[in-house]
Structures are given as C-alpha cells and as structure tokens.
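One chain, chain A, links the two complexes that follow: it is found with chain B in the first and with chain C in the second.
Up next, the complex of A and B:
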C-alpha cells in the first residue's frame, strides 16, 4: 500500500497548490495533476474501466480549462485575516477528522462487500449475459436502468447548456419584453 | 465541392496552428478516431465502453478544431448534426430498452447471447455501447462548439 499512500499525498499537495497559487494557469495544471493521480489510484485498485474514463475526461476538461485560463486575467484576490473565521474553520476541521476516525474504525475491510448480490454478479455474470467484461455486464444488463438515467442526465445538461450558451435568441432585439424574469429591482 | 473547401482551409497557413502541429494532428486524429471506435465496439470484451470511447471521439474532433481552424471542424461535423447525433444516440438507447419490454421486461436482453469472448456476443450490450458512444461523443463535441462559437454569432439585426 506504499504506492497508494504516495499517490494520495501527491494529490493532497496538488490540491493545496491549486487552491493557493496565484497564477490561474498553474492552478489548472495542478488540478490536472490531481486528476491523473485519481486515474492512477483507480488503476491501482484494479478498475481499468474507470481509469480510462477518468484520464479521457480529465484531458477534455483540461483543454477547456486551459483555453479559459489563458484568456482570463490573473487577478490575485486580496485576502484579509479574519481570526473568527479561521478559528471556526479549524474547529470544524478537527470535528471532521474526529468523526472520520470514529467512522473508519467500523468500516468493512476492502474487497469484502456487505451486499451478497455482487458475488452473484461475479459467479453468474458470464453465463447470464454473455459479456466477458463484467463491468459492461453490470452497467448495461443488471443495472441498465441506472445507465439510462445517467444518459438522460447528460442529455438534459447538454440541452440546458445549449439553451444558455446560444446568443442567437428567438426574440428580436427591437421587441419589448412582456415577461419580467430574474432579480426584480426594488424601488 | 465541400471536400475542396476543406482541402483549401487545411492548406491555408494563415489559420490554425503551425505546419508541424497540423502534420502531427492529421495522423493523430485518424488514430484517435480508430481507437475510439475500438473502445466502443469491444466494450463488452475489454475495459472501456460507450462513454470512454465517445469521449475519445469527441477529443479527436476537438483536436481538429484546435489544430486546424474552427471552420474545418464545423465543415466536417456542424453543430446541427452534432445535436442530431446526440438525439439519435439517446433515441436508439431508449428504443432498445422498449423492444425488451415486448419480450418480458424493460431493458430485457432479448438477443441471443452467443459464445462468450466473441465479438458478436452478449446480446444488446454492444448495441447499447454503440448508442451511448454516439450520444456522448456528439454531446461533448457539441458542448465544445457551444463554448467556442456561440458567443461570436450575432444576428443581422444586431449588427
């Protein structure tokens, strides 16, 4: 598990750099390093399907983020020191760590699932579905309804993005607005 | 005619990136499309599947848009056809699910399962993978188009 810990520490350091650095482009690069660390972890935990998806989605999101970051000015946010906020944050981080330690003592050991249905998938998956890749057998046969839901989520989000991003409106600029939406101005 | 326009823009040195990037991108795009289709079609045998392969195809088109110009990518696959492919993939997935309803229940694996470890096996799983791959690839490419060009199109009245 030494490699696992090294990658985890690397990812934590990358996250801190991404939050704390002042240059936008180096923050994006640090986020990318964290994403590739996640894919290495998936590969280490023997989940190649998710590792492939993680690498590829990371590449696409990095392309978009870098194109955004090179067009945005680097404005460092002025930070003032607030003792009350810092103390509150520290107290809640301490509570979080305490509850984590308390919760993870009762967690079931790795690769010993509580649900017995996964053992059935492993035993009978090839016979019942005919798919050699057990992940494909689960997501597209046993749990196909979930996959349909995910596809609907992507479809709806892209519909929303198209509606918001279009600048060619249906209404002409000269027409008057007859419906008022958004934040209403007070007098 | 359309091919001529693409050839003309491709060899135009004033648009897109440098000649080195264009030469490498030409080879890389073909390989990425091939790898994406491989990941989709062999999704029931090897790691991968519809989502991962679809994103690889989308990245190939994004590379085309970055290395050459926006015009070349839009001539190859316009935003209209990207959204049509998005809808068709979603529709194909739902139609496969509803055909299963006639044989028993929703999403029933109604095709003969075949011999395991063969390319044609596992019933509806490869078909669903292909539908999801087309859907995700077209959708992510459409998102990139949306982020890239939609702010620049203005109607004639506004100009």
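Up next, the complex of A and C:
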C-alpha cells in the first residue's frame, strides 16, 4: 500500500514538472518519467502484460513527442498570462477533487474488487480456452471482436497521420487530366 | 481510497494542462497524462489484496487461482486502450506538425485565422 502511494506521489511530482516547465524537451522527458512510473505501478499491481505493453508504447510515444518538440523552437510562448484560463482551470481542479472525495465514498474500497463478470473467466478460462494467461484468453477468445476493433482504430489513425503528413499530392496542378467526362461542347 | 484520490489529482492536473496552456505540445502532453491516469484507475479498481497475476502456473490448482487472482477483465480492456492511445498520439503529433508548417507558430491563440 505504501509503495503504491510513493509511486503515485512521484507521478504527481512528474506531472507538475511536465505541466509547468518552460522548456518543451524537459516537459516531454517529465512525461516519460510519469509513463515509466505508470509501468512500474502496473507491475506491482500484478498486471505484467500491461506493464510490458506500457513500456513499449511509452518508448514509441516519447520518440514521437521528441520529434514534435524539437521540430523548431522548443521554448514555451507564455509572454502574457491568460488569467481567465488559469482561474477556470484551478476552480475546475478544486471542484473536481471535492466531487471525487464525495463520490469515492460510494466506490468499492481499494484492494477488494467487484468480480461479478470476471469470476467466470477465472473459474473456467483454462478449461474453455486452454490459455494459461487469462488476459490473453479474454482479448483473443472471449472478446476477440474488441481486439478487431482496436486493430481497425489503429489502422485508421495511422492512415490519417500518413495522409496529413504527406507533403504533396500525387498529381500536379498543371498536369492535364487523362480522361474527359461530362458534356463536350463541340463533339 | 487514498490511491484513487492521488490518481484523480493526476487526472485534474492533466485537465488543467489541457485547458490553461496555449502551447500545442503542452496540450498533447495533457492528453497523455489524462490517458495514463484513467488506465491506472481502471487497473487500481481490479487489484486484490495479496493478489497474484492472472496467469495459471503448473503447480496451482484452479480453485486457489480463482480465489486469489486479480481481476483480468480491466487488464484486457486497458491493454486495448493503451495501444489505441499510441495511435491517437501519432495523429495529434501529425496535426501539430502540419499546423506549424501552415501558421509558423505553436501558440493556440495565434491560430485562429479561419479561411474558407
């Protein structure tokens, strides 16, 4: 329990540094620290599959973020301070934390999960699917359509990024069209 | 309870970063932080005291495993969510690079010239 609190406080400190620092490269490195803290916490929460995935995704997203952050200028442009946005954000944080304190009295207590659905997976997962890893049994057998949807979403987003980053179209503006459609004037 | 609150503080800081900062990369960073905190919250909901990972080892019998394993369902769904987060991050980074190439700035308050 104390270990979880220590790692979470480390992550809060990393988040504050990432939000408030002026240099963009420092902010990206602080986000990397938060991400690896999340990965470490997944490992201690008995979720080794997610810890491995989080490390890989974290390395890739750090590469992408550093590519954007060092694109040209990596210094924040905070010449005039936007008081309205700052006050709105701070008021929202206060209201949100107060709401969380009120709402978490009704949520199930920590380390005492509600296993109404997944108890069946734990009881019969090995017999029904033959997989020793129940997480793999859920994502590849019980909820395989979910994984298919995930693959579709990733394909669409990578396709979108590819289309956006393409520097020019395939056909030049001065190029003539090969075929003619529509009503010809002097046919 | 305390773990949930600390996690929600990270979420609120991400929302603040998304609202109040004007740099586009800061906004992307805020989205990343929100995503981390929500994934972590779902995993925290499935943790069991003195639990074991949901992997059956050869020396375990099934009733011991079903009594002590942590919840596998949030882990499976968060696994999907983490990988989708990478895809959306790549899309946001591509938009940021294109916006810089068009407007020569990362400042959100400068990017307001809509042309039709």
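By definition in this document, the second predicted complex is superposed on the first by the 150 of 187 C-alpha atoms of A that agree within 3 Å, B and C clash if a C-alpha of one lies under 4 Å from a C-alpha of the other, contacts with A are read in each partner's own complex, and residues count from 1 in each chain.
Rule of thumb we're sticking to: contacts are C-beta pairs under 8 Å (C-beta built on N, C-alpha and C of every residue); 3 or more make two chains touch, one makes a residue touch a chain.
Owing to the predicted nature of the structure, the values given are computational and were not obtained by experimental measurement.
K.L.:
Quick check on the chain A-based superposition: chain B and chain C, clash or fit?
P.N.:
fit
K.L.:
Touch check for A:59: first (chain B), second (chain C), both, or neither?
P.N.:
Only chain B; A:59 stays clear of chain C.
K.L.:
Which of the two partners, first being chain B and second being chain C, lies in contact with A:148: first, second, both, or neither?
P.N.:
first
K.L.:
Name the chain, either chain B or chain C, that contacts more residues of chain A.
P.N.:
Answer, by number of touched residues of chain A: C.
K.L.:
Tell me which partner A:71 touches in the superposition: chain B (first), chain C (second), both or neither.
P.N.:
A:71: touches chain C, not chain B.
K.L.:
After superposition on the shared chain, which partner residues are touched by A:15: those of chain B (first), chain C (second), both, or neither?
P.N.:
second
K.L.:
Output check: A:123 vs chain B and chain C. Expected answer is one of first, second, both, neither. What do you get?
P.N.:
second
K.L.:
Once the shared chain is lined up, is A:174 touching chain B (first), chain C (second), both, or neither of them?
P.N.:
first
K.L.:
After lining up the shared chain so the two structures overlap, which partner does A:92 touch, if you call chain B first and chain C second: first, second, both or neither?
P.N.:
Only chain C is touched by A:92; chain B is not.
K.L.:
Of all C-alpha distances between chain B and chain C after superposition, which is the least, in Å?
P.N.:
7
K.L.:
Using the superposition on chain A as set up above, list the residues of chain A that contact both chain B and chain C.
P.N.:
Residues common to the chain A contacts of chain C and of chain B are 48-49, 53, 57, 60, 64, 126, 132-133, 135, 137, 139, 147, 154, 158, 161, 165, listed in rising order.
K.L.:
Going by the contact rule at the top, pick out the chain A residues touching chain C in the complex.
P.N.:
1, 4-5, 8-9, 11-12, 15-16, 18-19, 24, 27-28, 31, 34-35, 38, 41-42, 45-50, 53-54, 57, 60-61, 64-65, 67-69, 71-73, 76-78, 82, 85-86, 88-90, 92-93, 96-97, 100-101, 104, 107-115, 117-119, 121-123, 125-126, 132-135, 137-139, 143, 146-147, 150, 153-154, 156-158, 160-161, 164-165
K.L.:
Please name which positions on chain A make contact with chain B in the complex.
P.N.:
Those in contact with chain B are residues 48-49, 51-53, 56-57, 59-60, 63-64, 126, 129-133, 135-137, 139-141, 144-145, 147-148, 151-152, 154-155, 158, 161-162, 165-169, 172-174.
K.L.:
Write out the stretch or stretches of chain B touching chain A in their complex.
P.N.:
For chain B paired with chain A, touching residues are 39, 43-49, 51-52, 55-56, 58-59, 62, 66, 83, 86, 90, 93-94, 97, 106-107, 109, 113-117, 121-125, 128-129, 132, 135-136, 139-140, 142-144, 146-147, 150-151, 153-155, 157-158.
K.L.:
Flag every residue of chain C that touches chain A in the complex, lowest number first.
P.N.:
Those in contact with chain A are residues 1-17, 19-23, 25-26, 28-30, 32-33, 36, 39-40, 43-49, 51-57, 62, 65-66, 69-73, 75-80, 82-91, 93-98, 100, 105-107, 109.
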